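Naming follows writing order (A, B, C and D), and every chain is counted from residue 1.
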Amino acid sequence: GTAPLLIGGPCVLEDVDTALEVGRRLGAAARAAGFGYVFKASFDKANRTSIRSYRGPGLEAGLRMLGEIRERLGVPVLSDIHTPDQAAPAAEVLDCLQIPAFLCRQTDLLVAAARTGRPVNIKKAQFMAPWDMAHAVAKVREAGGRGVLLTERGTVFGYNNLVVDMRSLPLLAEIGPPVIFDATHSVQLPGGGEGCSAGQRQFVAPLARAAVAAGVDGVFMEVHPDPDRARCDGPNSLTPDQAEALLRELAAIHRALTP
Amino acid sequence: GTAPLLIGGPCVLEDVDTALEVGRRLGAAARAAGFGYVFKASFDKANRTSIRSYRGPGLEAGLRMLGEIRERLGVPVLSDIHTPDQAAPAAEVLDCLQIPAFLCRQTDLLVAAARTGRPVNIKKAQFMAPWDMAHAVAKVREAGGRGVLLTERGTVFGYNNLVVDMRSLPLLAEIGPPVIFDATHSVQLPGGGEGCSAGQRQFVAPLARAAVAAGVDGVFMEVHPDPDRARCDGPNSLTPDQAEALLRELAAIHRALTP
Amino acid sequence: GTAPLLIGGPCVLEDVDTALEVGRRLGAAARAAGFGYVFKASFDKANRTSIRSYRGPGLEAGLRMLGEIRERLGVPVLSDIHTPDQAAPAAEVLDCLQIPAFLCRQTDLLVAAARTGRPVNIKKAQFMAPWDMAHAVAKVREAGGRGVLLTERGTVFGYNNLVVDMRSLPLLAEIGPPVIFDATHSVQLPGGGEGCSAGQRQFVAPLARAAVAAGVDGVFMEVHPDPDRARCDGPNSLTPDQAEALLRELAAIHRALTP
Amino acid sequence: GTAPLLIGGPCVLEDVDTALEVGRRLGAAARAAGFGYVFKASFDKANRTSIRSYRGPGLEAGLRMLGEIRERLGVPVLSDIHTPDQAAPAAEVLDCLQIPAFLCRQTDLLVAAARTGRPVNIKKAQFMAPWDMAHAVAKVREAGGRGVLLTERGTVFGYNNLVVDMRSLPLLAEIGPPVIFDATHSVQLPGGGEGCSAGQRQFVAPLARAAVAAGVDGVFMEVHPDPDRARCDGPNSLTPDQAEALLRELAAIHRALTP
């Protein structure tokens, strides 16, 4: 079969040097593991819990940074968009547009992303059943979109908690597109805490291993050189060392299950 | 205390005559019950399950219709916005701007709504804990917004189902703003079905009675002269007759609990 | 229609005097409110979180106490049984046998209770859908049981939390038997804490009012003269004063909705 | 490390020949995979959905059959008990006593099982948080029980559905005992259907692979030569062929992760 994919990078763009450092480490680790690699970071975190949270450099500066990262690392880059008007400028730089989970039912956003001709990675909303993602995929396809990916990132489980239903992975695969497991957002504890989602880094590795064993086409992870100082999603980010070790395990599982 | 509020109308604007008919019936029923009344209908359903579903007349034509309804009925009108750029034009016509549940964490949308100076009705996301709505309220207030309302509309409960946690009503009230119970969206069965959310109309009345008895400042309901032909949310809409009968019960409960 | 029912008393039998004090207060409050009254206390708490928790006087001494309470108060008494062999001795004293929620699928227990000829109050398990209680009712009826009651006491909602789905009340009523709402166990936070379920007493009143407004045949509540010293379920028990005030509200709602 | 464990057999004892056939196949497959093997079947299904469902041969005949199976296969046997008085007779035949999930908070049952001196496999209730199983383990240990195992079999997820939270596996392991993943009960759809729990056999393999990759000490599966004719749990049982193929995958994952 095809090589599995690693999508990863720092949660939000802070500076180009940090991004390049993370991207280099992940790219090398992916190569060593036999995975493809796509760099990911957000230029804007549009739905932070608090209005005072760091949001990133914004569309224009962020795309400039992503373009530089793309050129210097020589890898495809992916980022998320939040309103339909961001689709076209983002598509000039990015290799793949991502639809945030909370927005995956916003028809105009899906259509705008589809019309750019770039592949669209749709994150499954925490409030949706796996089979209902077929409607999101249909919206992209009917708008002329060609490539679609679907990303699992956990489902609402009571208050301030998410659960990953591993049945979702084969169910999403039945819809058709490649399925990515977002290992770091899946361990978020949404809300709760001082205006910042908490997270459970200790479950990233077991959940990622479980997802690869259940069967996925790729894994997504947020990585930061110093997660406790990350300006976003630190509690669920991995260090580059942790990401490398995990990737070795994921590759071993993948090989064990590949005839 | 203050009179409770009825917010209601057809789910989506179809034509002015239907809207006026529903608005007149609900206005009269609210007056008879001692409730205040605000007309509500959407000019765009931006997150329909399917790309082929009817979305409404759109921003411009919709606001024109809402302006006409406002003038002819002599009641305040409310509608929802989906992107920050809709806030200013909507505020020229509407008395209250509503933030859809899926979008209640989109900072820019909350800020844009707040800056219009109009009161903002924030629907609690199906994926959020009641206490986390304090962050959404803070975003509106820190952007200079004055009036805020919070609306409960059910919480994710497994797949394709919502549950109303009545503890949410006092919990939202503790945050500060008046609390509205959305009786008809709370009985939706999200997704599931042929590209259209199903609903359980038979539970609108018991849940609305329960919410008023638990304690709310207002009730929201979608009403259509012929729900089975409604172009949106028919399965959970009430007829005007059903709405009138329910409003009488709600008023009786409210009086029974008012010293 | 028939008068609604109050089932109540201290969670677990501690001593006869406390039980009589609570029973007298609840009986008088129920009479004043136009409710029927059944005394309830457990002789054994067979599923306490910790092995060191107080369990009660046990079957023999407990039934003796319940017999004395029954005679001195002149009201029917109800208690729960945990194994099939407890059914017959319990039925010699009790007017109604209760099946604990966790045990409501244990066929032998339901059958043994049914065979005593006493009415059986089956508590809906926290893990069951309302409609599936039809199977529990059928087991009692097929074993010759005559009277059945069904009690709602909340449903699993993530970890260490319960939610009351008020749709459950009309759904249980459709099965046939009278429906009771257990207002104090419904606010438990199961597990969590030092070997003792926590509880949220502040939600007993809004949930009980909501249930009566949604429509039930009776309400269950645990009452203790000094809840903070109760040997079981203190965090969710009411004082007699609180129970009286709540009962007045419930009666007002019930009257407001009775034609 | 130690070899992982396979616990498996037909859900309920039907006849000795079927049980021996399944046991032989599973024993051979386990050996080939480097797993230990324990035979499991129930002598009584005490909580079937309907009173008319087949329950098994009962305590006495069932233990006789289990003794014969144990002798002829030369493997340890495990079965579940439902009331305290079954513990002692069961312990005369069985190598390990199992506590059903719904009953895992029944103190007397845990204590009676512990006192037999046999290891006790406690299934985590569908209504419990992983960390709360520490209380069940403590009950067994304080009653003098020596060996304890903990089994994950899914958690309530809305109505008529279970989800396996893979975070549970490391959380249970932190409590201390070996952790087993029950791959076939975890795909049950409780209730729903004509007095019989439905199941989703297609998810047994991905969930079992995921659990082994996340990290467990053993796997439990129900196997029947002709699942569609099984008298219990057919919809979630595997055939011996399916079990063998799955066991090969599980062994491959286990080896890939063992340094």
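By our rule, contacts are C-beta pairs under 8 Å (C-beta built on N, C-alpha and C of every residue); 3 or more make two chains touch, one makes a residue touch a chain.
Predicted model only: the values in this text are computed from it and were never measured.
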Quiz prompt | Between B-C and B-D, the pair joined by more C-beta contacts | solution = B-C
Quiz item: Over half shared or under half: which fits the residue numbers at the contact of copies subunit A and subunit C, same or different?
Solution: same
Quiz item: How many degrees of rotation map subunit C onto its copy subunit D on CA atoms, rounded to the nearest 5?
Solution: 180
Quiz item: What chain is the most remote from subunit A, judged by the mean position of CA atoms in each chain?
Solution: C
Self-check item: Whole-Å separation of chain centres (CA-atom averages), subunit C against subunit D
Solution: 33
Quiz item: How many angstrom between the C-alpha centroids of subunit D and subunit B?
Solution: 48
Exercise. Calculate how many whole Å lie between the centre of subunit B and the centre of subunit C, each centre taken as the average of the chain's C-alpha atoms.
Key: 36
Quiz prompt | Shared-contact residues (touching 2 or more other chains) in subunit B | solution = 155, 157, 159
Self-check item: Interface residues, subunit B side, partner subunit D - complex
Solution: 157-159, 161
Exercise. Report the residues of subunit C in contact with subunit D in the complex, numbered from low to high.
Key: 46-51, 55, 82-84, 102-103, 105-108, 111, 125-132, 135, 138-139, 142-143, 155-156, 159-160, 190-192, 195
Practice problem: Name, in rising order, each residue of subunit B that touches subunit C in their complex. | Solution: 155, 157, 163-167, 169-170, 187, 200, 202-203, 206-207, 209-215, 249, 252-253, 255-257
